[in-house]
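One structure is given below, encoded as structure tokens.
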Amino acid sequence: MNFTATNTVIIQGITEPLGACYAPLMQAYGTTVVAGISSGNGGRSLAGIPVFDMVEQALSSVGAIDTSVIFSPPYAALDAALEAIAAGVRTIILVSQGVPPLDMVHLIRKAEATETLIVGPNSPGIIVPHQLLLGIHPPELYKPGSVGILSRNGTLTYEVAWSLSQAGIGQSIAVSIGDDAIVGSTLPQWLQMLDEDDQTDAIVLVGEIGGDSEELAAHYIAEAIDKPVIAYIAGRSAPRGRRMGHAGAIIESQATDFGPDIGTAESKITALKRAGVPVAERPSEIPEIVRKLLKHPLKKVS
Amino acid sequence: MDLLEYQAKELFRDAGIPVPAYQRIDRPADLKSLTIPYPIAIKSQVYMGGRGRLGGVRMASNTIDAIAAAHTIFNLPIMGELPKVLLAEAKFEIDQELYLAVVLNRSIRRPVLLGSAQGGIDVQTAIAQMQQVVVDQEFSPFYARRLVLKMGLSGDLLNAVTDVIERMYRLFLNKDLDLVEINPLAVNTAGEVMALDGKVSANDAALGRHPALAALDMRSGQGATLKESRPPGAAWLPDVLSTVDPDGQIGVLANGAGLTMATMDLVCQAGGKPLNCLNIGGETRSDALPEDLCERLEQGLELLSRNKQIKVILVNIVSGTLPCSRVTQAIAKFLQRPVSIVRSVNSPHDEVRLSRVKPFPSLVVRLVGVQLQEAELSLAKTPAIFVEDLDQAITQTLSLVRKREP
Amino acid sequence: MDLLEYQAKELFRDAGIPVPAYQRIDRPADLKSLTIPYPIAIKSQVYMGGRGRLGGVRMASNTIDAIAAAHTIFNLPIMGELPKVLLAEAKFEIDQELYLAVVLNRSIRRPVLLGSAQGGIDVQTAIAQMQQVVVDQEFSPFYARRLVLKMGLSGDLLNAVTDVIERMYRLFLNKDLDLVEINPLAVNTAGEVMALDGKVSANDAALGRHPALAALDMRSGQGATLKESRPPGAAWLPDVLSTVDPDGQIGVLANGAGLTMATMDLVCQAGGKPLNCLNIGGETRSDALPEDLCERLEQGLELLSRNKQIKVILVNIVSGTLPCSRVTQAIAKFLQRPVSIVRSVNSPHDEVRLSRVKPFPSLVVRLVGVQLQEAELSLAKTPAIFVEDLDQAITQTLSLVRKREP
Amino acid sequence: MNFTATNTVIIQGITEPLGACYAPLMQAYGTTVVAGISSGNGGRSLAGIPVFDMVEQALSSVGAIDTSVIFSPPYAALDAALEAIAAGVRTIILVSQGVPPLDMVHLIRKAEATETLIVGPNSPGIIVPHQLLLGIHPPELYKPGSVGILSRNGTLTYEVAWSLSQAGIGQSIAVSIGDDAIVGSTLPQWLQMLDEDDQTDAIVLVGEIGGDSEELAAHYIAEAIDKPVIAYIAGRSAPRGRRMGHAGAIIESQATDFGPDIGTAESKITALKRAGVPVAERPSEIPEIVRKLLKHPLKKVS
């Protein structure tokens, strides 16, 4: 992992309301924001950040770009990401929600072919406390340390970070892969990166019901992760109702390859426990478990 | 967004997928000017499943029978849903029934093709023989061929079914669908194929770039287009409140789905009964500003406080950039609001006069963010109870409910 | 296949590219029921260029003037071409004229986007400022943005023109076009853009999968669709004979474009004058058999021998799989044919009575392939002259022409 | 280059008239035709060649496949080629004419990404005399030797081969890149392959008017080719008329990047001569020039 303050970062969609709000905050946090991109607004500047019409113009003006944080409207996000990839950017944070899933399928194929890391969409992005903000995490809730937070959501991630910070446990990084149906990177991908990251001693996995991300993560933890992992799953009390059209029965059980129970909190918690991962009952329990594990790391049996 | 069968068939026909001759029936009298030959099937156009079992499909071989059948079906609710429209359809001789679908698999993050050589009404048999092909690269018809071979078809039927799947996939791609399903794809003894029933679900996030598709929404009038046509940055809320426990007395309001669920879990774990949980939305809309949270918060409080069963509202806001004092200002503003006429969110066309009956629900407010002390101060002048710790907020909420129990 | 302007504009409109309000005018009287407001432009709908310079575009500000202008234009040939249809179009105020095109570049084997900030009637200025962007990977709108920036546009106009190019590209891709051109794309002082004139060329090879597009062929009636609807394996010939030297007395017939050109070159190098050269087609049609060569050969001979100016036909067939004896059988068969009524290839709707006047053209036949001796034998009974060596065949052809000169 | 009789070859579109005709001829010539592919005809056989519905079925039955020769109808050719690429085939001969150009653009992008060699469409393919026939070259006109023939056309290629054979000059290989507007491989690509081929001592380039392939080839020969090259260009006497619509002037000169004269015989012959390539006036001159060059190869000055 190479998420440090030396990363050169551009902000695509910098003139969108969300982009215009967070660009100065990212910069103030120490992130090296070298350019903003907004078609039709080239030549202006925003909070001292020069704005270009296209990524490739920024490239020739500011040199190589490591990362793009995209605040573009959802239907423009795919094009923005492809433009960044064409300009050689290999890490892309998609903050915007509402990107059509088939646009994401297209982008994921392109990302695989070009070895590009995509985070999001519908994601607050990445924060490396006191170093780097790639997205919209509220910096005040984080403090530097050695716990990596990995999640699928936004404000619940902040909640967990805050409870760690209050307990004096700092974070090496926090990343949310995003809360849309199709996202650019997976929990296993990130587990591997955090496992290899020298700054991270333990991983807090913040999951929620729906999909099978946590089940896949549990499987991957059992197979390949050496560092201690602590999990929390939101949605234990959620009503089980599922939309059932006349195709429902077949599609629900077959298309997504879920058994009847996969996607529920029970399924996820069971899978995680089976993988040797302690699962916190409530957010406030997390710091305690982390502290215990960091003092006496469980030796994984493989 | 789900489509009705006749809408799906219109898309199929435009995509070159063979469908029987059909006619939309808005009232029984429409059958007098039927242009398709008898015998026909008359089918209830509802979103719910199981209509065949429940009498929502009837055959008719002349106008008199057809009109009678239409009258019956128009008045027959399917799982509580009455049809607004029927479909009259020419009969097709069936030798074999196949199941076909194209659907997005969020786990492998690719579209998959599904097919079963045993389609039709018996879902279990279809599932038992279901085959799957992942479209891992850009689609080309050979993916469809791969599925049809796995289904065990051969010869001319292989090519005919491959062609149908190819067209289903193009439709899926061109219209940003979540699902295209044909069940059954009927085969007659001559080897001709015909899509006898079908289901199409459009992706809600993509509807804004398919206005023709969005206009097909029969459930909510303007429906999804309404949402898209809102001015950028305007406040928005989910259309439907999720009901957790019908006997509950607690309303939970939080920002973000994960946080809302976590808060709800804590209430339940402590023995509380949430009636409604409301997620007022996260922070990743490109056209929204952090300040918009305040408006959504006021709307959400309005919505929850409308239900007299709710005794206590627990507000749990983890604010990103917006100072907590701004959040509490919004709460204070809400608490000073006069009684007003608003539109119900569940049925947006009915006007509901709010009578803010006593006892107005108690408000427990838990916030995370900056300017927390200013926030606490600004709430001091209101009846709302400010708590900093989440677990304590839960305890406080439950004790308030107990206090207010009759 | 080229489209007329009004056909191109229909495609533009369907693709969401802004075009002025327009109406197709089939006869001057149509202008009485005009639905667009005056003033209007009335434009000759011809395939040839230069109509503006030649009076094929006129302005009119009332019905009387419009009808008069239409009468004039209907009777005004543009480079020899009379319009069958006119276009009446609303006027658009022009502040700036841009040139835009999407075209396939066979050298780099990719589509390219072309744009010039100086569009309009002065082609040289447009060319001098022409910018180009190669679409080297799957298209995405940023390619269009790249072009518009190179053209020097900025601000809102950048986005408006990018949007037009994106739509042009989707049209290009969806309809398998060789060219989509807008010239000018007019910009008014409010920054609105409008495609005032446009050109679309459809790829002939792909027309078979775009029946709606193929139906737009105004030049040849059924046109390209006719070719596609021929039964598989049926013989086919190019529709038009290429005329090399209008004074020539030699007809050249060969199989394959390269071989035909090489044979023609040899005739010319030796001082001969070919009138027509006919390529009866290569061997790479998936639906054709080697034997089909014979039928195409007979048709080709028929076609060439119809022209009384041709004294000698040089046949040069390099046969792949088909034995040469089969080729000479076809020649022998042709030579024994009775005079017949055939359709002219150049104007397929006129019937032409062939009177095989003496002297019937001499035939020099040069073949490469197997069973050459049998081939030579079978021609021995006919007036055709068989030669094995290509250079000798040329010599023979020229000496025959000289012999038959008056 | 690895075009030998040990190549395993499939024939896609084997039940099309052209495929059914040439499949047995290819096999009879010694080509290892392991399977034919024709959707809907799986399970049959043609001239002893087993027919499968899909390439991947053949794969599991006959093992790895080196080459596919495609006789599919033009609108099915792209799918056939993509199917072959997905099954791991890395050399594809497209014989069929009439493949839409945008299908070829799609295929070329895919071929570049997967390092697949595409020959054609509208091509007789490749022949290695007495070893291998991948397409529809008439074997009787060829004899083994050391001259490589590289062309864009069909029957004229046979004509040149025949004149060489009659003069006692055998061929190492003959390949036609195809006569459609957009083809899968270029003359420079093949010049390089023939330059590196141990079996080839000299190259005969058979060109024709239209496009700029020969000009590009001439440039490449001057830059990078060490073996002697002899050229012949058909179409010197062709009328110069070009279709000129009202967009004509701009498109002709700009879109294709041609100067006003590029594409003519003069332009091609001039470019070749400038690159030191002798250009035959007529096909019958070619053997003589080849013989001279093979005896006294010109030393290239670079």
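Chains here go by letter, A, B, C and D, matching the order in which they are written, and residues are numbered from 1 within each.
Rule of thumb we're sticking to: a contact is a pair of C-beta atoms (placed from the backbone, for glycine too) under 8 Å apart; a residue touches a chain by one contact, two chains touch by 3 or more.
Given the structure is predicted, the values throughout are model-derived calculations rather than measurements.
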So if I look at the partners of chain A and the partners of chain C, which chains show up in both lists? none
Quick check: more C-beta contact pairs at B-D or at A-B? A-B
Cα-centroid distance, chain B relative to chain C, in whole angstrom: 52
If you average the CA atoms of chain B and of chain D, how far apart do the two points sit, in angstrom? 55
Which whole number of Å gives the spacing of the CA centres of chain A and chain D? 50
What is the distance, in whole Å, between the centres of chain A and chain B, each centre taken as the mean of its C-alpha atoms? 26
At which residue positions does chain A touch at least two other chains? none
Can you list the chain B residues in contact with two or more other chains? 137
Based on which chains touch which, is the overall arrangement a line, ring, star, complete graph, or other? ring
Please list each pair of chains that are touching. A-B, A-C, B-D, C-D
Which part of chain D faces chain B closely enough to touch in the complex? 39-43, 53-57, 78-80, 82-83, 86
If you look only at chain B, which of its residues touch chain D in the complex? 137, 140-142, 145-146, 149, 154-156, 158-159, 162
Taking the touch rule as given, give the residues of chain D at its contact with chain C in the complex, in rising order. 13, 16-19, 21-22, 25, 71-75, 95-102, 104-105, 108-109, 121-124, 136-138, 140-141, 151-159, 162, 179-183, 206, 208-209, 211-213, 216, 232, 234-239, 244-251, 253-258, 281-284
For a test of understanding, state which residues of chain B touch chain A in their complex under the given definition. 2, 47-51, 99, 101, 103-112, 114, 123, 126-127, 130, 132, 137-138, 173, 176, 178-179, 181, 183, 199, 201, 203, 205-206, 208-209, 232-233, 242-244, 254-259, 261-262, 264-269, 274, 282-290, 318-321, 368-370, 389-391
